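The following blocks contain the structures, represented as structure tokens.
You will see two complexes here that share subunit A, one where it goes with subunit B and one where it goes with subunit C.
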Partner chain A sequence: MSSLPSAFGQAFRVAAAELGMASASQLMIREIAGGAGLEAVAELRDRYGREFPVLDHAAARWLSGEGEPAIDPEPVLAALQGIERLLVVGLEAAHLDLLLPALPAVEVGFITEGRALMPEWRRVLANYTSGSDEGRVAAVGLSDFQLWAGPRAALLTFIYGGDGHVVHVSGQWLRVAGPDVRTQFRSLIGWDVVGGELHVYPRWFAEVARSTFTKVLGS
Partner chain B sequence: MSRDRNNHGGPESADEALPSHPAAYSAVDAFIDPAAIERVLAPWLPNPQDRAFVVRCITDEGPVHHRGASFVLLRLLGDALAAAGGLPEGATDGAGEGEGTHAPVPLRLPPHLAEHSKGDPNYPLKMPLRPLLGLAGDDSASARAMAECLADGPPHHALANAAMLCLVDALLRRLAARAP
Partner chain C sequence: MSDPQIVLSAILVVTLILQALLPGMRVLIVTAGAGLACLAATLLGVAGTGSILAQVPWDVLVILVTLGLLSQLFAESRLFDRLAVAATRLSGAAPAKLLLVFAVAMYLASGIVNNLTALVLVLPVLHVLLKLGGSNQRYVSWTLGVLLVACNLGGAATPIGDFPAILLLGGGNMEFGAYLLRAAPATALGLVLLLAIVHLVVRPASGIADDPLSARITGAVMEALHRRVRLRCRILIPAALALGAMVVAWLALPRSWGITPELVCWLGAGGALLACWRRGEGIVRRGIDAEAVLFLLSLFVMVGAVSRTGLFHDVAGALTAMPVSPELQLVVFLVIGGVLTGLFSAGPSMAALLEVAESLATTLPGEAVYVGLALAVCAGSSLFLTAATAGPLAQALTERAELRDVDDQPLRFGFVDFLPVGLLSFVLILAVALAYSLWALGSG
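Let's look at the complex of A and B:
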């Protein structure tokens, strides 16, 4: 008999939309491992790993005894030094929860169109604003995100593993980081939230050359 | 001396001396050294992040032949300036101010967005107008038209032009100081 919640796949999609694939994977595995043990994590990987490759990778880490990877925002903060505007392409709540409070003077935008799994953006944005800085975080569309461009502006997206040559990113990044845009932003930063290569076909993601980023961090 | 186009007898024939195919990407990438251009442009771009941004646009973006050509010309101009005695005093004065003595290099934003840009709509490298004013006989309108031509087009082009103009300006200043 399965020890996984029924309709886990649907629940994971909702969580991945609101939190990001890597953040949702860690949350789900932590809960399942805590409640039902490693056998349930193994079943999770077996049943859902191929559908959700980041969940698969995270489950493999747990099963090998490595547990959750530490999240270190410091290299990203260093790469963003001098930036006045940061445009985030994609969503990883666990990582952004550490990064954005450390950038109090930076205006932050989220590209809200073109995501494979769409969250309730008002709720997501509200997580990163408080009474005194409500204007600091904004929803930004694909049609006018270049308003944010400039020598003090950076694009940040999340990388879901890869090798020395190619990395996996959301398709949304491809809509944003075209050849015209590359010369309009000072930095194009990829934050690897997986590390290493995914074990299964990277559905949900697109491959891009690692060299198309000015910095790849976290791997 | 005329060349015999039918002479296929040896490796020194004209046809064999010229490459029959464009150079491989790897052959061009092999000689492009962004760090060398960063060193050349450091006086005009003292902020390392600004410098890395501009040099990336010149050496990493755009068609490969442009990246290679811009690298070669900037390196040679840097060598020429060094051979002439290096950066003369005053060569970078006003480079951070933009208006008056210098012209901006605009980011190539879509026109309908450029006018509403949230930040600085220009690259951090600015073009000295002094050599253009010399060419234009001190006609500032003409010098500005020249600057606009140099700054137009794709960013890798415009920034390479601007960087070369900075070096040409420094070289002309150095040579003028030497003149009897």
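Let's look at the complex of A and C:
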């Protein structure tokens, strides 16, 4: 008999929509390991790994005893030094929670359209607009994101593994990062939130050349 | 019936039927109906347009608009996000408890703020919970259905919760404290009875797995989704202070001072909005529910035109001339009121029935008639999904949420899905309305 909740797939989609695939994977695995042990994590990988490749990768790490990877925003902060506007394509709550408070003077925009799993943006933005942050975080549509361009503006997205030549990104990135956009922003930053190659087919993601980015940072 | 009575009541009834059949066009239909009613009243020599417009209860519209703006302030303060998280914690994400906790929370919220605002903010959170914990058609239908009925009951519990009670307050039919003292216990009793029957007899959560791991994951995800969502005290404090001051003013200011309920609303909401400065200005510019205002204004015009023909007076006369006891006359009136509300929704029914109620209140104790009517209208609002504005909104939000069961089959929340909840709630709330009115008649 399965030890996993019957609605796990739907629950994971809800979490991944608002937290991001990597952040949701770590959260789910932490709770399942805490509530039902490593056997349940192994079952999770068996049952849902192919559908959610980042969950599969994170579960494999847990099962091999590596646990949760540490998140280091410092290289990204260094790459973003001097910018005034940051446009984020995709969501990874655990990473953004560390990055955005360290950029208090930077205006931050989230591209809201073109995601495979749609979050409730009102709630997503509310997590980044508390207290003194009011007004510096905004929702940005695909039709007007180029208004954010400039020599002190950067695009940031999350990378879900890859090799020396290609990396996996959300499909939303393809809608934003055309050849014309490359010249309009100071830098296009890819933050690798997985590290290494995914073990199964990269469903949910698109493959792009590593050279698309000014810098690829992270594990 | 005279010719003007036939023509103007026909315009009113046809308009109401059309707007009930075509809810997507209801504002345009009632606006056109109001224009036609003014034309007919003028040509038939009943009353001129200026005279009909002068009779519109503008005080009620002022109360509706200002309370709506105050609700927007509460929404902007993120109070409902925190309430939803608190409700999840309190229920432990257990399916049966979730229904109870959210129903009580919505009852309390709807007594204070516009229930549409509360619903728009709380329902998406409940949808997330339904997805996280897993659900089936029966559980979704009863959970969302009971939530809607709790909104209706909460709206009827206080004089500022929903349109029917606001009409009584604005029209001077009942004082704030007098209404609250009578309606709040009656609606609370209705909610307790409904929740007891649903929890103990219907048991909608019986088919849902209630395992600790699922509850643990649901709780963790909900906390993560709201991890840094904080109350905006700079908005919440002025709004709460203004609401508190308004309640004190409604309860304590002597009528002889002439500071009427709508003026209290105007000053209170205005003060709270001013305190929020630019955000307040933004809410005033974008937050007024023009659709509701236009809809109700048109209804008032049509009902006002019919009223000028003396039809409502005649109906009240016929009701009081029935060769039965006053108790039975009131029972008949309330049952008719409940059914009409179910068919035509609360706004039109209350606007028309209030005229008859005022006539009845000349021979019967006012509190028995008015509070009984507000409860009967609440019962009617809960009968069908289309009877209250919140129903179609909940339906649309649920469709958008794309809920699925554990077998990946889509879950709906439509007219038929709501019907069992509606029938049970209608019978229960109408029974409470009748029991309250008969008790008030006996003790008065």
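Note that in this section the second predicted complex is superposed on the first by the 218 of 219 C-alpha atoms of A that agree within 3 Å, B and C clash if a C-alpha of one lies under 4 Å from a C-alpha of the other, contacts with A are read in each partner's own complex, and residues count from 1 in each chain.
In the analysis below, a contact is a pair of C-beta atoms (placed from the backbone, for glycine too) under 8 Å apart; a residue touches a chain by one contact, two chains touch by 3 or more.
Quick caveat: nothing in here was measured; it's all calculated off a predicted structure.
Residue contacts after overlaying the shared chain place A:93 against subunit C, while subunit B stays out of touching range. Once the two complexes are laid over each other on the shared chain, residue contacts for A:184 go to subunit B alone; subunit C is not touched.
Of the two partner chains, subunit C is the only one touched by A:14; subunit B is not.
Contacts of A:214 after superposition: subunit B is touched, whereas subunit C is not reached.
Of the two partner chains placed around the shared chain by superposition, subunit C is the only one that A:31 touches, whereas subunit B remains out of contact. Set against each other, subunit B and subunit C touch different numbers of residues in subunit A, with C touching more. By the touch criterion stated above, A:120 is placed in contact with subunit C alone, subunit B being left untouched.
In the superposition on chain A, A:151 makes contact with subunit B only, while subunit C stays out of contact range. Residues of subunit A touching subunit B in their complex: 81-82, 84-85, 107, 144, 146-153, 179-180, 182-184, 186-187, 214.
In the complex of the two chains, the subunit B residues touching subunit A come out as 47, 49-50, 52-53, 56-57, 61, 107-110, 113, 116-124, 154-156. Those residues of subunit A that touch subunit C in the shared complex are 3-8, 10-11, 13-15, 18-19, 23, 27-28, 30-32, 34-36, 40, 93, 97, 120, 123, 126-128, 130-131, 134.
Partner subunit A is touched in their complex by these residues of subunit C: 78, 81, 124, 128, 131-135, 209, 211-214, 216-218, 220-221, 224-230, 232, 404, 406.
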